[in-house]
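Labels run A, B and C following the written order; every chain starts at residue 1.
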Amino acid sequence: MKKFLLAALALVMMLTCFTACGGQSDLAYVEDNGKLTIGITIYSPMNYYDDNGDLIGFDTEFAKAVCAKLGVEPDFKVIDWKNKETELKAKNIDAIWNGLTVTEERRENMDFSTSYLINKQCIVIKKEDAEKYTSTESLKDALLTAEAESAGETAIKADKNLKNATYNPSDSQQNAFVALLAGNVDAIVVDYTMAKSTCGSGDYKDFVMIEGIELTQEEYAIGFRVGSDMTAKVNKIIEELVADGTLKKIAEKYDLTDLYEEALGK
Amino acid sequence: MAIFEAKNIYKKFGDTEVLKGIDFSMEKGEVLCIIGSSGSGKTTLLRCINFLETPDRGEFYLNGNLLFDAADKKSHSDEEIRQKRLHLGLVFQSFNLFPQYTVLDNVCLAPLLLAKESPDYKKNKKQIREEIRAHAIELLKKVGLEDKLDSYPCQISGGQQQRVAIARALALKPDILCFDEPTSALDPEITVEVLAVMKNLAKEDTTMLVVTHEMGFAREVSDKVIFMDNGVIAEMGDAEEVFTNPKSRRLQEFLSVMK
Amino acid sequence: MSFLDVTLKLLSGFQDTLLLFFFTLLLALPLGLVFTFGTMSKWKPLSFVTRGFVYIIRGTPLLLQLMVVVYIPGIVFNSPLVRWPIFAGNTNAAYFAGALFAFVINYACYFSEIYRGGIESISQGQYEAGQVLGMTKSQIFFRIVLLQVIKRIMAPVANETITLVKDTALAATVNVYEIYFMSREILNSEFIIWPLFYSGAFYLIFNAGLTWLFRHIEKKLSYFRS
C-alpha cells in the first residue's frame, strides 16, 4: 500500500512538472493563438448584453482596449464562476476578468494584475425592511448569505456584528439575490457594483442597499495563470490606458468613476 | 451397420463422475428409450450426444464414421461442433420455443439460416424459401397444428408447444431425433397428445433416442431400452425383455416404484 | 423581457439540451452493449477491466466526470480541450463535445448494466435450443436473444432515458449553453426569476412525448411473452 502511494505521488509530481515545464511563455502562447480567451459571467455592469444582444460592460470594453494594444482578439467565454480556477489552470481560458476580487487565498491559484477598481461590499435588503435594518448592529440576529469564499463572506466574518448572524453561504452572488427574493434570508452581502445595477430592476425592484455602512474594502483585478508573463505585460498596458484617459472614459460610461478613481485615478 | 454408436463415454462435473463408461449403439429406424431414476446420468448422456456437454473421454460414431473424439481437442471448436450437431435433433423438457416467432417461423428459422450458408442461396432465394416453408407446414400438419401456423407460443397450450418443438427439430432432417423427458412438464391428459405424435414418428421409422419416465410409452414403442444407474448402463436390451424380465435388483426396484 | 423573448431564448438553449440528449442516446445505447460484452466476456482480464471501469463510472457523480473530461486534458496533459485542433477554435463545440463524451460514457455504463441484467435473465434453454438447431453464437444472440432482451429491458431503459433528459442540465456547469444555463443567464442579466421555473415546462413536455413513445414500443412488443 505504501509503495503504491509513493508511486502515485511520484506520478502526480511528474505530471505537475510536465505541466509546469510545458513549453513556451504564456504571452507567446496567447500571441500564437491570436486571441485572449477571457472567462466571464454575465453580470452588469462588468459584462452583460445590451438590447441588441451585444456584449458590453466595463470589463468588456476594458478587455477590448487591452487586447487591441496586445494585438490579439478578445474571446469572451461565459463560464461557471465556481470553476474559474480550474478553467484557468486547464488553459480553457487565459484570464479571469469579471469583477474578480483580489484575495490572499486566490493568489495560490492565480496572479493578479494591477487593481483597477475598488470593490466595496454592501448589504442589500428588501425595501419593506428598510426601517428595521439600518446598521450592522440591527442585523446581528438576522439570516444572512453571501457567495461562498467571496469578498462578501470575508466582510461578514470580519464585522463584529454580522459574524454573530446566522450565515449560510450561497454558491453565487446571483443565488444570494434569489435567496433574498425567496425570503430565505433577511440580508445579503454582495459587491457594490453588482448591487448598484441590480437593485430596483426586474424581480429585484424592491431591493435596496443599506446606505452608509462601511464594510471591508477590496479591489478588482484581472487573474492570470501563476507565473505568467502576461501579468507584467498587461500591467504596462493598463498604465498606458490610465495615462491616456481611456480607462477613465469607460468608467464614466458605466457610472463607476468613484470606484475607478479610488483605485487608479488619483 | 449401426447408425449411431457411443464408445466408452465419461463425464465429470467437478469431482462428481456422472458418466462412467457408456457404450451402446442403435440401428437406423430404431427407437431407443433410456430410463432410470433422477441423477442416474441419463440426461447428461443425452446432452453429451447433442454436444450441450463435452464428454471427458470417449467417441461417437455415425454410420461407422468417427463423429466425435474427446481426445481430439482440436475438433472441439464451436464451428465444428455446430456442424456435428446437425446430425442430431433435440426436443427439450421445457420446449424452449422462441417466444417472439410464430409457430411457423419457429420451424422455419433454423433451416432458413442454414440455407443462407449454401452458395446457391442468392440465386434461388425465392424457391429455397418456398421449399422450407412448404416443408415446415407439412411437418406442422404431421403434428396436428396446421391451424396454428400464425399463433405465438404464448397463445397455445404446453402440449401444442411441445409438438411445435418436435416439428422444429424435424425441420433440419436430423439422422437421430432425441427427446429429453418430453412430457415431464405436461399434465397427464396433454401428455397423451405428445406421445401420440411420437408414436406416429416411430411408425414412420424415425430414429429416436428418448429419455423418459413414461414406462408405458417405453414399453410399447421402443425397440431397445437402456436402464441407467449411477452413471453406467445397468441393463440394456429388447424392450419386452427388459420390462418383463428385469435381471438386476436395481431395475426391479425401479420398475416396481414406477408402476 | 417579454414572454416571447424569454421563450425564444430558452428555445435556443433547449436546442442544445435536445442535441445533447439525442447524441448521448444514439452513442450510449450501442456502446453500452459493447461494455456488456466486455463485462460478460469469458476472457478474465477483459471482463475484469470492463467491470472495474463500469464500477468507477457508476460509482462517481456525473458532475465530477464532466469536470474530469473538460479540465484534466489541460491541467494534467497541458493540452486544453478547447484548443484541440479538431474543434478548430470553436470553443462552444469543444465544451459540447466534452460534455457529450462524459454523458455517453456515463450512460453507456448504466445501459450496460441494464443489458447485462436482461441478457442474464434469458433462460439457458433459449441458447441451447438455438445451439441444437445448428445456429452460430451471433445468430443465437441477434435472432433469438436480442429481441427478448429488448422487451425485458424496455422499462428500465425508459426510466434511464427520462433521467437523461433531466441530467442534461448538469452540462451547464461545463459551459454548455442548454436551457437551464439560459434561464440562469436571464436571471443574472435581467433579474427575473420566472424563466427558471418556466424552463421546467420544456422538460415536462418533452418527457411526456418520450413516455408516450416508450409506452407505444412496449405495446408493440406485447405480442409475445418470454
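One rule holds in what follows: a residue touches a chain if its C-beta (ideal position, glycine included) is under 8 Å from a C-beta of that chain, and two chains touch if they have at least 3 such contacts.
Keep in mind that this is a model prediction, so the values were computed, not measured.
Asker: Using only alpha carbons, which chain's centroid is the nearest to the whole structure's centroid?
Answerer: Smallest offset from the overall C-alpha mean is found for C.
Asker: Sort the other chains by how far their Cα centres are from that of chain A and give me the top one.
Answerer: Relative to chain A, the chain whose C-alpha centre sits farthest away is B.
Asker: If you average the CA atoms of chain B and of chain C, how far apart do the two points sit, in angstrom?
Answerer: That gives a centre separation of 46 Å.
Asker: When the centre of a chain is set as the mean of its C-alpha atoms, what distance in Å lies between chain A and chain B?
Answerer: 80
Asker: Roughly how far is chain A from chain C, centre to centre by C-alpha average, rounded to an integer in Å?
Answerer: About 35 Å separates the centre of chain A from that of chain C.
Asker: Flag every residue of chain C that touches chain A in the complex, lowest number first.
Answerer: 67, 70-78, 80-83, 91, 172-175, 177, 184-185, 187-194
Asker: So in the complex, the part of chain C that touches chain B is made up of which residues?
Answerer: 123, 125-126, 128-129, 131-137, 139, 143-144, 147-148, 151, 223-226
Asker: Note which residues of chain A are touching chain C in the complex, please.
Answerer: Of all residues in chain A, those touching chain C are 15, 18-19, 22-23, 33, 37, 41-44, 48-49, 75, 77-80, 82-83, 86-87, 89-92, 174, 177-178, 181, 198, 201-204.
Asker: Where on chain B is chain C touching in the complex?
Answerer: The contact residues of chain B facing chain C are 50-52, 78-79, 82-83, 85-86, 88-90, 92, 94, 96-100, 109-110, 113-114, 152-154, 168-169, 172.
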